[in-house]
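Worksheet: the structure to be examined is printed underneath.
Labels for the chains are A, B and C, by order of writing; each one numbers its residues from 1.
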């Protein structure tokens, strides 16, 4: 095990973590404010990636694509909220799960219908395509560092938004008391649409950026969605702080586990077996982490009130 | 006190900086109705929670028939003979009165992991449940879904459920709330008979009912027990008059 | 007491079951094996949903991870057949266990495996409730899925073919109608057991745990063990369906464990009418027919499933049974 490899993997874990945070913060915000479990959150990630890849392909500019991807995700989020989601706030969780599962089917098949089954590709923008030297000699792609930076910026912005602005005050009021917020004369329907669209935009941002690292294809949002669920279960549903810490934890544990567990097993197993067993166990690691945390804190690390 | 069925000793519970109950001691003796009164926000719900097991006290002890039950769960306390009714009706609305009471009988017998015999053909469940329903004079409503009952009837079903547990001590949380004068009088009558079978800790807002029914009264104000005594003592107590009766 | 009268729902139930039995018999007589297998598929999928309905409909436990049990049941059948075919042991330590193609051995093994997994997943997940429970069951099922994908011994991502269908003593399980009858009987048993269970003391306690947990605890019955046992029984039924499914398809792969599968089983429960004994059967009939008919017309049939599902959830909450048999009766 070399130090540069460790450093590189730490950064990879951090990059996965910040990307998860973009997903998880929207999910947890929507649950905290509206009490809604949204399975279709991964669809906004996919929409962001597809629109970015398509627009960038057409205009030749990643940045135009990125803007279009975020806007499209936010717009789709707002429309979905207006048409479907707002009918679900007072429903049971079962109804919310099914309706948003239906939305996944509609979005996935709709996207397949529009763009076909073969994946789209998105290139890292020219300006960010280089690599920087890490201490120890290895080189690390600039674009991944930018993703980490964007994640950190979003985290800071969200904290400021929630603790310092009028909108944030309303969000906090909505979390603690849905009746009171109505009494304050706040247009609750508008607030909900706004919060939902904000969450969708963050998911779209994540999808747009990741689209430059992976192929853009139908169903790409689902594994990320499930990781984001693990994150907010660990962090405590409704807590942005929990989402942040959970994201970093899951990102690091997953990335480092996949790299180091097989080598660990090679110390006392035949190499072929070790890589199989190591990989299989590494894929389970974050769920084991979740189980352990839940065993001690059934409501997650930073549980909100309910 | 050898005849104390339920004893609370020095219960403390705080939520953050708020001292919800401070050093509460109280006992419930065989054959009596002991009323617990106090203005809203006095900490009654917190105290009830600590008795029933929904809350764990920070300090202090709850004993039932001499056994320390402080660390037991709601279900374990119920199995040891602590019956209760709820302030807000907590019956299963979609089920019949009989089914609601039968679950209490089932709890008393402690055989919930039987998977085969249909409960409606199980006389050992149906008979005691019908008896408890009859005790509350609700025979004619046994097959009716709870959702179709009047408010007063629901109160009676609540008590029937508690009775079906054959409790050693009964905790009734505002059983008179929302009852008209007629229903209130009827329940008062029933409780007066009942206390000879099982002592009752009565939490109640209806002062007429309290002074009529209670053998002893404890007054809770701002998390502290400010007075204990028989009705007349409480009526005359200047502290109580000031803090509670608003003089 | 009124004279016992057969309810409309009972008529609907028996009609559905009768149709499911008669249709493949006629199809078989006409030599239409395809339709026999379609009916088998309906019976199996319905049984998986009967299992989930026990958790969701009767127990109020919204498990989004039942594919784990469906898939595990399938893998037990597949792995056993694999070793029987290969003549290699399933286990060589601590005891030697050989593979078998005897369904009477495979089924209990599949059920046992699912019971153990459900006990592990349930004991952790049931410490929580509400949204946490949904997400955690989903996450654990996903854990099993990734494990199957990355474990190379049994095909990993590619899955495991079952070259010869496992055998039922005294019957030719390769004969489509015989295999249908095996699955049909299993479904009827699952329905009968669920019905009986829900009338028992255990069922009474489980219903109360769903309707009003505090009331149950106040009666001296701890809700947690009741729920856990129900979760395990539910998993065992779904797992057995999974074992049958693997044999029907001659294949088991990670797709049986995927979260889409969990969603699909849940959709069947809801389409049929949640918490109603025959809801899973009517849901399965509707689902498989839609899959076959719409899937034949367009490759985007899931888009239409999504629209139908959205409509049912938003506007027609009783599902098919609600339409056919009216509102649910009081228990």
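What we mean here is this: contacts are C-beta pairs under 8 Å (C-beta built on N, C-alpha and C of every residue); 3 or more make two chains touch, one makes a residue touch a chain.
Chain identities (UniProt): A, C = ABC transporter permease; B = Branched-chain amino acid ABC transporter substrate-binding protein.
Predicted model only: the values in this text are computed from it and were never measured.
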Using the contact definition given at the top, which chains are in touch with both subunit A (ABC transporter permease) and subunit B? C
Which chain has its C-alpha centre closest to the mean of all protein C-alpha atoms shown? C
Between subunit A (ABC transporter permease) and subunit B, what's the gap in Å when you average each chain's C-alpha atoms? 49
Expressed in whole Å, how far the mean CA point of subunit A (ABC transporter permease) lies from that of subunit C (ABC transporter permease) is 31
Averaged over CA atoms, how far is the centre of subunit B from the centre of subunit C (ABC transporter permease)? Could you give it in whole Å? 43
Of subunit A (ABC transporter permease), residues touching subunit C (ABC transporter permease) in the complex: 31, 37, 84, 87, 93-95, 97-99, 101-106, 108-110, 112-113, 222, 226, 229-230, 232-233, 237, 276, 279-280, 282-284, 287-288, 290-291, 294-295, 298-300
Interface residues, subunit B side, partner subunit C (ABC transporter permease) - complex: 52, 73-76, 78-79, 84, 86, 90-96, 99-100, 102-104, 106-108, 110-120, 122, 125, 145, 161-162, 165
Any idea which subunit C (ABC transporter permease) residues touch subunit B in the complex? 196-197, 199-205, 207-208, 211-212, 214-223, 225-226, 229, 330-331
Complex contacts: residues of subunit C (ABC transporter permease) adjacent to subunit A (ABC transporter permease): 56, 62, 64, 124, 127-128, 130-132, 134-136, 138-140, 142-143, 146-147, 149-153, 259, 263, 266-267, 270, 274, 300, 302-303, 305-307, 309-310, 313-314, 317
